[in-house]
Every structure is written in C-alpha cells, then in structure tokens.
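For reference, the structures are reproduced in the following blocks.
Two complexes follow with chain A in common, the first pairing it with chain B and the second with chain C.
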Partner chain A sequence: MTALIMDLRRNRLLASYVIVGTLFLILVIAGGLLSDRFLTWRNFSNLFQQLIVLGMVSLGQTFVVLMGGIDLAVGALVGALTVFLASFLEWRPDMLWLAIPLSAIIATAIGALNGLMIVVLRVHALIVTLGMGSIIFGATLMYRREPGGSVPNAFADFAYANVGNIPISAIVLVAIFALAGLWLQRTRSGRDIYFAGGDPEAARLNGVHVNKVIILAYAISGLCAAGAAIFLTARTGVGDPRIGAALTLQSITPVVVGGTILAGGRGGVLGTFLGVLLVTTLNNLLNFVNVSSYYQWVIQGLIIIIAVAFNTSGKRR
Partner chain B sequence: MSSSVIELSQIVKEYPGVRPLDRVDFAVRPGEIHALLGENGAGKSTLIRVMGGAVAPNSGSITYLGKSVSWRSPKEARTAGIHVIYQELALFPELSVAENILVDAQPTRFGLISGRARHALAAAALKQLGVTIPTHAKVDELPLADQQMVEIAKALVGQTKLLILDEPTAVITGREVDLLFENMRRLRSEGVGIVYVSHRLEEIAEIADRVTILKDGQVVATSPVAALTREAMITKMVGRRLEQVYPARLQAPAQTADVLTVRNLEAGPRVRDVSFSVKAGEIVGLAGMVGSGRTEVAEAIFGTREVKQGSIALEGKPFSKIDPGAAIRFGLGFLTENRKDEGLFLGLPISANIVAPDLGSVTRRGLIDRATERETAMRQMKEFAVAAPSSEVKVGNLSGGNQQKVLFSRWSRIANRLLILDEPTRGVDIGAKVEIYRIIRRLADSGIGVLLISSELQEVVGMSDRVYVMSQGQIVGEIQGEAISEEAIMDLAVRSMDRSRLSVAGGAELVS
Partner chain C sequence: MTASTNAPVPRTRNLTTAAIFERYGLVIFLCILLVVAALISPPFLQPANLVNVLTIAAPLGMVVVGQTFVILVRGLDLSVASLMATVAVLATAFKATGNDAIPMIFVAAIVFSAIVGLISGWLVTKRNVSPFLATLAMMIILQGVRFAYTGGAPISTLPPGMSFLASGRILGIPVNLITLAILATALGIVLHRSRFGRQIFMVGSNPKAALLNGVPRDRVVILCYVICSICAGIGGLFLLGYVGTVSNWVGQGYELDSIVAAVMGGVALSGGRGNVFAALLGVAVLVVINNLVLLLGFPIEMQLIIKGIIIIGAAAFYRTRLF
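On to the complex of A and B.
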C-alpha cells in the first residue's frame, strides 16, 4: 500500500488513472443508490452505446494535445460531416460504401490543413483551429440551416447493433483505443508525437521532422472526427450543423481528466478512455436524476478547470 | 546574542534526489562584504534564494536582526530589508527606469501614483550611485550595465539591511565594475551587510572581508579573505588538486584523417569566415568569448543552421543539408549548450531519451521493442555511470550532472565519427565534471573526433589536444599541444578584438 502511494506521488499519470477510476466507482455507487434502474444491464448497454462519439473526438484530441497543440475545430467538423453524410445518403442511399470513406478523407484533409496552416503561417493552433471551426460552421449553415437529410435503415441498424449484449460501437471504440495506444507507445511516429510535444527544439535536434508530426496529429484528429460523425449520423438519422457545438469542449475534458497535460508530451490514451467513461457516466447519471442539461454545462466547465488545475499544480515548485 | 544582520543555522534544502543545501551555517555581519564562493551547483543560488525568501528550507533556522524568522514570500523578506539582485535581472523591460526603481514603493499623491515624485525619487537613488541614467528611458533601451545599476538603485530605495548580489560582474566590465565596488564600499560603511557571489577570485580578494566556500551543498570553509591564498580557495572549492581533474592529452599530434573539414564557412551574422578541421581521435577545443559565433558554427555543421557560403566536409564528403536527421545517420552527435531547452525530454524516461535519435535500432517489425530499449538504456547507463534506480525514471528528476551523462549515453551510441560538445559541463558539480572529462577522453581514444566548445578556459586548456580561438565570427588562431594555456588563448582573443577595433578606427581593412 505504501509502495502504491509512493508510486502515485512519483507518477502523476498513474495517479490520474486511480483518481478517475475511483470517481467512476463513486458515480456508479451513487447511481445505484439514487435510482434502481441505474445499475441495470440495460442502462449500461445504453451507456456504452453513448461512448463512441465522445470517445472518438477525444481520441483525436489526445493526439493533438500530446503533440503540444489543441484542436478547437472538431465540434464544427463533426457537425459538417453529419450534414455531408445525411445529405449524400439522402441523395444516394445505395452509396454508403462510398459515403463513409469519402467523409473520412474529407475530415483527414481538413485536419491536415489545420496542421499545415499552423506550420506554414506560424499562427497559434488556438487561432487556426478556432478560425477553421468558424469557417466550417458558417459554410455548413449556408448549405443547411436546419437538421435534415436521411440515412438508410441498414446504416442506423449497424450503429445500434449488439454482439451478444455488448454494443458493436463499444467494441469498435475499445479496439481503436487499443490500436492508438499501441501506436503511441510502440512506434517511431507515435514516439515522435511525444517528442514534439515534450520539446520541439530537442525533437528537431534528435532528427524528428516536427512539422510533419504536427500535420499528422491534426490529420488524425480530423479522421477521428469522421469516426464520431459516422456513428452520430447513423444514430440520429439526420445531418445537423449544430450537433457538434458542445463537442469541442467536451472532447478536451476527458483528455485532461485522464492526465494528459495541455503543454504536451505527457499522457496517453488510456487516461482519455477512462475520462470518456467518467464523463459519459456522469451525464447519464444526471439524466437519471432529472438534472437539467443546463447544469450539465456548468458541471462540465467545473470539471475541466479542476482537472487542469490538478495537472498543473504538480509542476510548480 | 548575535551581532549579525542575518544568521543561518543548519539549513537543509532537499529536492527529490538532490540536496542543494546540507546543514549550512552562514552569517553576515553589518558593514561587511561576505563573499560566497563555490563551483556551479555547489548551492550558492539556493542559499541566496533561502535568504531572500524565494525558497523555503526543509529545516534549519534563520535569525534576522536578532529575531527568528521564516519567510513566507520574497515580498516579506524584501519588506524587512533584504534585497537580492539575481543574475537574471528582475526588471520590466517595457517600463521606464523610474517605474522599475520604485516598483514596490510607488509614491502616491491623493491615492494616485505620482509621476513627478517617482522620477525625483528615482533620480535621487541613481545619483547616490553616481550614475546618470535618464529616468524616463525604457529599461529595454539601456545597455546591460545600466540595467544592473537600475537593479542596484532599487536596493537603495527603502531600508536595505542586507544586500545580496549574485555574480553582478558577469555582465559588466572595467569602469562599471569599479563603480559597483565603490558603491558596495559606501553601503558597507553605512552598515549594510553585503553578500557577494562571484567566480572571480581576484575580485573577492579586492572587495570582500570574509569568504564562505560551499561545496556540494556544504560549507567547507568560512574565513577572513586575507587568510586564504588563491590556491587554497580553489582547492577547497574543487575538493581536489587541479592536476587530477583532467585526463592526459595526446602524446603527439593526431596523424589520422580529418573527420570534419570546414572551409571558409559563413552562416548567419555571427559566422563570417571559419576554417578548421577535426581529426579522428583528437579533442579540438573551440574557445572564444560568448557571442563569438562558436555555437552557430556547431549548428551549421549539425544541419540546424543554414550555410551561406563555404564548405563542410565529413570524412572528405561534402555535407550541407539542413537536416539533423542526415547528420545523425552519418554518425554525428551534438550535445547542445542548453540541455533543458534543446537536448532532453524532461517528461520522458531515461530510456526514451537515450534511444531518441535512432529509434530504428530498437524497432522490430514496426514496433518499438521495449525490452531491447530498456536493455540498451541500462547498458549505456552503466557505461556512463548514470545514477538512477531504473531506466524508467523521468529525466526531469535527475541532477544536472546525471542529465548530462544521459546525453552522453545518448550521443555516444550515435556519434561514432564526430561528437560536438557545447558547454558540456555547465551547471554540473565538480565530481560529475571529472567523470565527464574521462568520458570525453575515452570517446576520443576510441577514434571519435571531438569538437569541444566551452567558455571555461580551464576546461578548454585541460581537455584539448588542439585549440582554435574564435573571435567575432572568425578563427583568429590555432594553438597545439603543450603551448595551450589560458594566457595564450586570451592573448589571441583579445589581440584580434583590438586589431579589429583599430581597423575600424583607421578605416582600413585588416588582412589577417
């Protein structure tokens, strides 16, 4: 036990995992006490269904934050992609096989463009992605003001499908997170992301092409946004330009809650996964006890500030 | 009952893995200049910070003006009359001289800051110092020496009982040093206690009354300055005799082929015309003042700085790519001057830092093999005596000397042809220094060419088989073997500067 405490004091990342895990348990127990329908398989199955959208955008955000940046365009991008998918599929419901890769390519390209602008124009990531988000949002509204479009039934069925009792979307999410973790920890390009985020100048002197790494990270964030949008469109059946409005901030919360520091170079996807689980469970519980969604905004804001404060406090000395 | 301005007793300061202050006793009497001496990393800065309230000690007691105190903030110490002038000046570059001088004593009239009173007070303080600096000028626009005077003027406002100066003469010269000393003597005669930190032993003999020598966080001596010779001070400071510090140099000039040949290199404003060479197995020193362009030469060779003109050849083959990756593949290593900003990933473990430039060597089928990575790291750590419990400790938690050894562990794997070292022992203690010197010599003996850039003349003299002296972007001379001495290097560096000044004054171009 004392060994564990020593480890926690030394390893902030591990500490984050333990804290997030504990909070998750507390939430589950509280939920069980507050409502007899909370601790049911039905509810958990429902909860796991919900993980994928936040999970995907947070995963993309993790890559960007680890590399030392931030992506404030994800929300608008997800909204635009749902509009693209629903409109395209309304026009050609038989071309699902094309719509999905196409949306992934568009999203990856827009992400890469974010990175390219940061590298070439040397404008701060905050401004580039915020500006890009605004451009995407405006352009999407020009095309479609209200939610609309449609998707084929098979697409919707897939998004809600289960293997046994477990939602396919949750399995997909776990698999993608595992792959992402393997990539970050065990490949050269993954390590390069940590290098570039930890200290770009040192990375350069170690032969890392920092600019390429920056573009790569934003491209991945775009690709992940596409993943979120695909499931979101399939579930809602429409394209909604505003659906991603809250998603940008929401995508950062699990990242910082999971112990990845905003300055970059430290953290990982496991923390983000736990963060996604925690945030989703919290929202689910708040719905159960009939707390208005306005409070959820307030709570989200509080969580992110506290999480970042916790992550930074250890660095000052 | 003590008659001291400040008295520190058994002060201990500890960080994880390091103990910069170990049961330190230190006292300053009113009206004395007390010099604080020690190698880099001996604990001088920490001691100053403890007195100034910027760092809280883990244990020990501070008595200030007869009362026991424990500062909660620098502000509290300042209000009580302790003024610290840190090496990195604490000025606001965008504000005026007057605003800076009165930064924590803004005079007010009717509750508003009075500009006129401020300028009058600031001017009075500067006059006391005997300097004329316009109080309306922005600090940014002043030369460094004047900025330092502004910093000292801050100490004159309010009742300073204890003035602490951290290497003030590092940035000023000649007349300004005299002026500073004059002011220090005046403050001394007014009963102010002064702590004076400097590396320059001559200055200490000139100005200080007593001296305390720190080594590895402990006080090794406190004595009147007159009672210690220069040699005695060095021996106490270093803890051993100097001859034992440096390994023997090559017996005869190296007869091997050039690893590096630089011809008429021009790169950026600070490298104007540089030609030199490094042979396999020799250590070549590159000496010169700070700002003479040494680091920029290294950057051009390593491919992080654009070459405007001239040629760089590695083993006879031209190389001029702006790509450190290509340099690394050739077998070139570069230990940068500023290891924290440019060298190490402090948040990552030792293992990841060691294998960073050639992850390929530990990658199997596209995946990094953690076992191989750890093994490689452990092997290197053992070879370079990195003191850490495991290869997975974060580099940020290591001491300066150990961080530097991690860098050696990293680059010695890659650099099998040429290793460039830029200030390799800055901020490491003497014990680690000696180890690092051994490592450098061992690497050279294994056939690697070493280019050693250093501001510490002693180090250049002690380590190099050959020395090039650089001044104002040019190589102004070369010294070999036994002829290498501090005097010979300084002579070349200074003479060339005088010459260039003459040539500017005479309007004629000097051909060297």
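On to the complex of A and C.
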C-alpha cells in the first residue's frame, strides 16, 4: 500500500487515478441499477476472463510506453503464440509443461529483438515494431491461415477455474500487476525505466545503461504478450493468427487513460490497471444495455481524447 | 537564404558517391526490382501491365501525398484508412444513380474530410495530444460512426460515373493516374515553392525556432492535417470507384502502407525532411514488390513479411545518413 501511495506522489498521477477510479465506480453503480445480472459473481468472473487478456497486453505496453516507446507488434505476437501453443499441444498434448515456458521464451526473445533493433539500428520504435508485427503476422499466416489446433482439457479447465468464488484469472492478473508495480517502484532496474524514459541523456550520464533498459522493456512486453496468449489459448482451445489483431491498438487505450504519457517517463501500472477495468467494464455494461458494439468504438475513441486532451497535467511541448 | 536551405536533400555540386547513393538509392532500387520482375516474367514490363499496376496504386499514392505533409510537421495520421471508408459510405448516402450527383459527392467528401482533419489538427496543436493518439481516436470514432450508419452491411448505390474515375481513361491514360499527377504536382509546388511550404519545413525541423520567427506554428500544423485528410478523402472516392461496392473496410491497411511508402521515400518521421515525389516513388516500390512476390509464386502472406523487412531496412538506411 505504501508503494502505491509513493507511486501516486512521485508521479503526480493522483488526479488521473481518482478520475478513472471514480468513473469506474459510477459505472459499477449504474450497472447495478440498470441490470440485476450485472453485479453477480457470474458476470464478475466473465468480466475477468475478458479483462485478463487486455490486462496482460496493456501491462507490457505500459513498460514500453514508460520508456518513451510503443509496441505495435504485440497483437501479431499474441496471435502467433496462440497458433504455436495450439499446434504444439495438438502434436504433443502431454507436453504442456514444455509448451508454456517455450512460448514465454519465444515471446521474450522476439520482444528483446524489437528492443535490440531499436537500439542498434536507431530506428523509431513505431517503425521497428510495425515492421516486426507485419513479419510475425505474415509468417504465422503462412503456417496456419485459419484457426486450428487443439489443447488438452486440463489446460482448458485452467482458464475457467475458480478458487472459491474468485476466478483464477482475477487472482493471477492482480498478482502480476502488483509484482510489476513493486518492481517498478522498489527496485533499481524498475526505477531505471522511469529514468531512461523521462530523460535518456540524463540517465546515460548518471550511469544507467539506457540501451539495456530499452531492450528489457520490450522483452517484458513480449513476455506479457505470452501471458495473454497462454490464457487466450486455454480459453478458446484453438490457435488463431488473427485473434490479436485488434489488441495492438486496444492495449494502448488503458495505458493512456491511466495517465501514462506517450512521451515516456511518467505513469504507472496502477493507472493501467484502472484503465483496463474502466474500458472492459464499460464495454461489458454497454453489452448489458444492448448498445451496439459500433457505438462502443465511438465511446472508446472519445475516452482516449477526453483522457489525453483534457488531462491538464499533460506535458507541454 | 533561399527555400532550399530546408530542402531534404544535400546541396548539389560536389556530390560524393555516398550522397548520390542516398539521393538516388530508391530509384536504383526500383530499377533493380523492375529488371528482376522483367526477368522472372517478361510480360511484367509491358506498358499495359505497368499501367494496371499503377492504377491500382493511385489511391494509395493520393493518401501518401497527404501523409507526407503530416509527417513533415512531426505528425502521423492513423485515421486515413478509416476516413477513406467513411467517405466511401458518405458517397453512397446520396443514393444517387445519376452522374450529376458526382460533384456534390466530391464537395461533401472534401468538406467532411476537412472537418476531420481540423479536429485532428486541433487536438494535436491546441490540446497537445500526441498525433498518434489523436488520429487513433479519430480512426476508432469514424469506424464506429460508419458501422452504426451502415449496420455493417456493404452498399452499392453509386453513380455509374464513379467507376469511370477509377478505371476510365482519357487519351489512353487512366483518369486516376491523371488525378494523382495533378494532386501531387499541385501539392508538390505548394510544399517546395511556396511560403506555406517553407513554413512546413521550418515547423518540422524546429517548432520552437519557427514560432520565434513568426511562423504561425499551430495554423501550419492544422493545415497539414486538413490537407492530409482531404487527400485521403479523395483517395477514398477513387478507391471506391475501383472497388464498386462499399464494404466498411475500404482502404484497410492504407494507414500503415502510406507510412511505409513515405518512410521508404525518405520522409523522416522526426519531421522537417522529405519530398512528395520521393514518397510517391516509395509507393511504386511497395507496389512492385507486392507484385513481385506474386510473380515469384510465393504465397500472398509473404508480402507482409517482405513489407516488414523493407520498412525497417529503409528506415535504418535513411537513419545512417544523419552521421
């Protein structure tokens, strides 16, 4: 808790957090009033199953954005990893213990490769990750054009499992966010991410290995994409190259809504968590009141504009 | 000093080999691609086929011209593809069956696009929203509005003249290529020969200095977004004529392709350096490569892989010349 309070003070993000948190509470209350099925354990567990995928990808995106970068390869990576997992498990259903770490290693390596190219080629992160996303997507499609593969039942059960009334997905997500927050606030390497993102030159002069930090941030983003893909594969039971396509841009919304600025150096994972809660709950609620998904897009766009354009604490250029 | 101070290319006279390579690298690359294509498939280089290839590329070219303006002022427009599709839907909203509706469709499309550009530009300048987020939000909003209007179904009520725009010819030259040439030349002159163009380069290379020198920075940036949106809107109408029916995803992928082409053409994402015609050359390279992949008998997904490699490679290539 103290870590959270320190986080709030240091980044002067309190305003963003309070606004997003309040909006979330209003949504929950509105949901409870509008539908008697909204505030149920069943919907809660359903919500968290929707939330964990976006949450994981957005978490990874947060690290990259804090570094002043952006990762546009995550969507393609998630798709590729679901294809890898489902195909591998179809071939050897008994090797779940190998498939999961393997997918995490592959994803981390691809993320690190993104960072490495940004550092070595000195090309804008947007271009590198865009190109990488295109390469991954193309390669995945060449292997499997349509959704396919299968997973053992034990793996599928994991996605829907509960501890008591609380879905495992919720516990996992909260635990990972808490760990990530603690790491960012409490360890030297975590703090270096803020430092290198806020002012790379000053960080360099102060002995921070900025290049290493950049590679680390993209590697984490890859690892988080693996987390999302593992859960997604367990839930859907197939590998679908296109399943992540929308995630690339969707994952940025919670990050900026949570107060992390694209210029880097300011923000945090708590904001992202609140952002994910807000976006997912809003979509969930709009589904409950039968608002077409088309308007959900409009609302999502408006949320981005309102969060960023009217956040007066935004960095002036 | 003249306008050429801000021009993207190094001054002429004593050009070193490296400088020549930097300047004409893309042309050389394109020539190599054309030769390879011709060797693999001799019919490729026949004028008829080349014109066909270029006709398909014309709408993308229009978008790239606009995208160049935005990138020059350190921006980026992710909403172009969504705008193209929305303009296409708007064109069908007239439910016109006669050709006399075409001017009205064009006016409506241009006005609509200009408003979209104004909003993006306003968000970027007056509200300090990063171009990425501002145009991303516009992209999603336009997408939602469009789908809400059409209900997701394709429409095909179009004046017959629209398809003439896309595939018709005047004196044997495709109409859309003529339009692209006029658009690119006009905007090229604006960019490289007018005061406004000089202001664009000044704002792009150093926004603060430009402001101190009395350049109306915000107005210049907003105008660039308006120009970009209008180009995308016009591109959308021409693409619509080519496709014939409006699916809600007309132009999908053009936002990224237009950025890829501009970067290949040497337009720097850091702003202040670039050239409309080089960006169009980037379009040509992109289109020829896509064609080549098919000629070589590779699966179409290979285009994605090659496009990815090329955009990173091109950006790295231009990055090195800063040293």
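Rule of thumb we're sticking to: the second predicted complex is superposed on the first by the 297 of 317 C-alpha atoms of A that agree within 3 Å, B and C clash if a C-alpha of one lies under 4 Å from a C-alpha of the other, contacts with A are read in each partner's own complex, and residues count from 1 in each chain.
Simple rule for what comes next: contacts are C-beta pairs under 8 Å (C-beta built on N, C-alpha and C of every residue); 3 or more make two chains touch, one makes a residue touch a chain.
What you see is a predicted model; the values in this text were computed from it and never measured.
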item	value
Which superposed partner A:300 touches (first chain B, second chain C, both, neither)	second
Partner chain in contact with A:256 - chain B first, chain C second, else both or neither	second
Which of chain B and chain C A:128 touches, first, second, both or neither	second
First (chain B), second (chain C), both or neither touched by A:292	second
Partner chain in contact with A:309 - chain B first, chain C second, else both or neither	second
Chain B versus chain C as contact partner of A:74, first or second or both or neither	neither
Which superposed partner A:207 touches (first chain B, second chain C, both, neither)	first
Chain B versus chain C as contact partner of A:186, first or second or both or neither	first
Winner by number of chain A residues touched, once chain B and chain C are compared	C
Chain A positions touched by chain B in one structure and by chain C in the second	317
For the chain C and chain A complex, residues of the former touching the latter	76, 123, 127-130, 132-134, 136-141, 143-145, 147-148, 152, 207, 256, 259-260, 263, 269-270, 299, 301-312, 315-316, 319
Chain C-facing residues of chain A, complex	70, 117, 121-124, 126-128, 130-139, 141-142, 145, 249, 252, 256, 262-263, 292, 294-302, 304-305, 308-310, 314-317
Chain B-facing residues of chain A, complex	182, 185-188, 191, 194-195, 198-199, 201-209, 265-266, 317
Touching residues on chain B, where the partner in the complex is chain A	15, 302, 304, 323-325, 327-329, 334, 336, 341-348, 352, 356-357, 359-360, 363, 366-368, 370
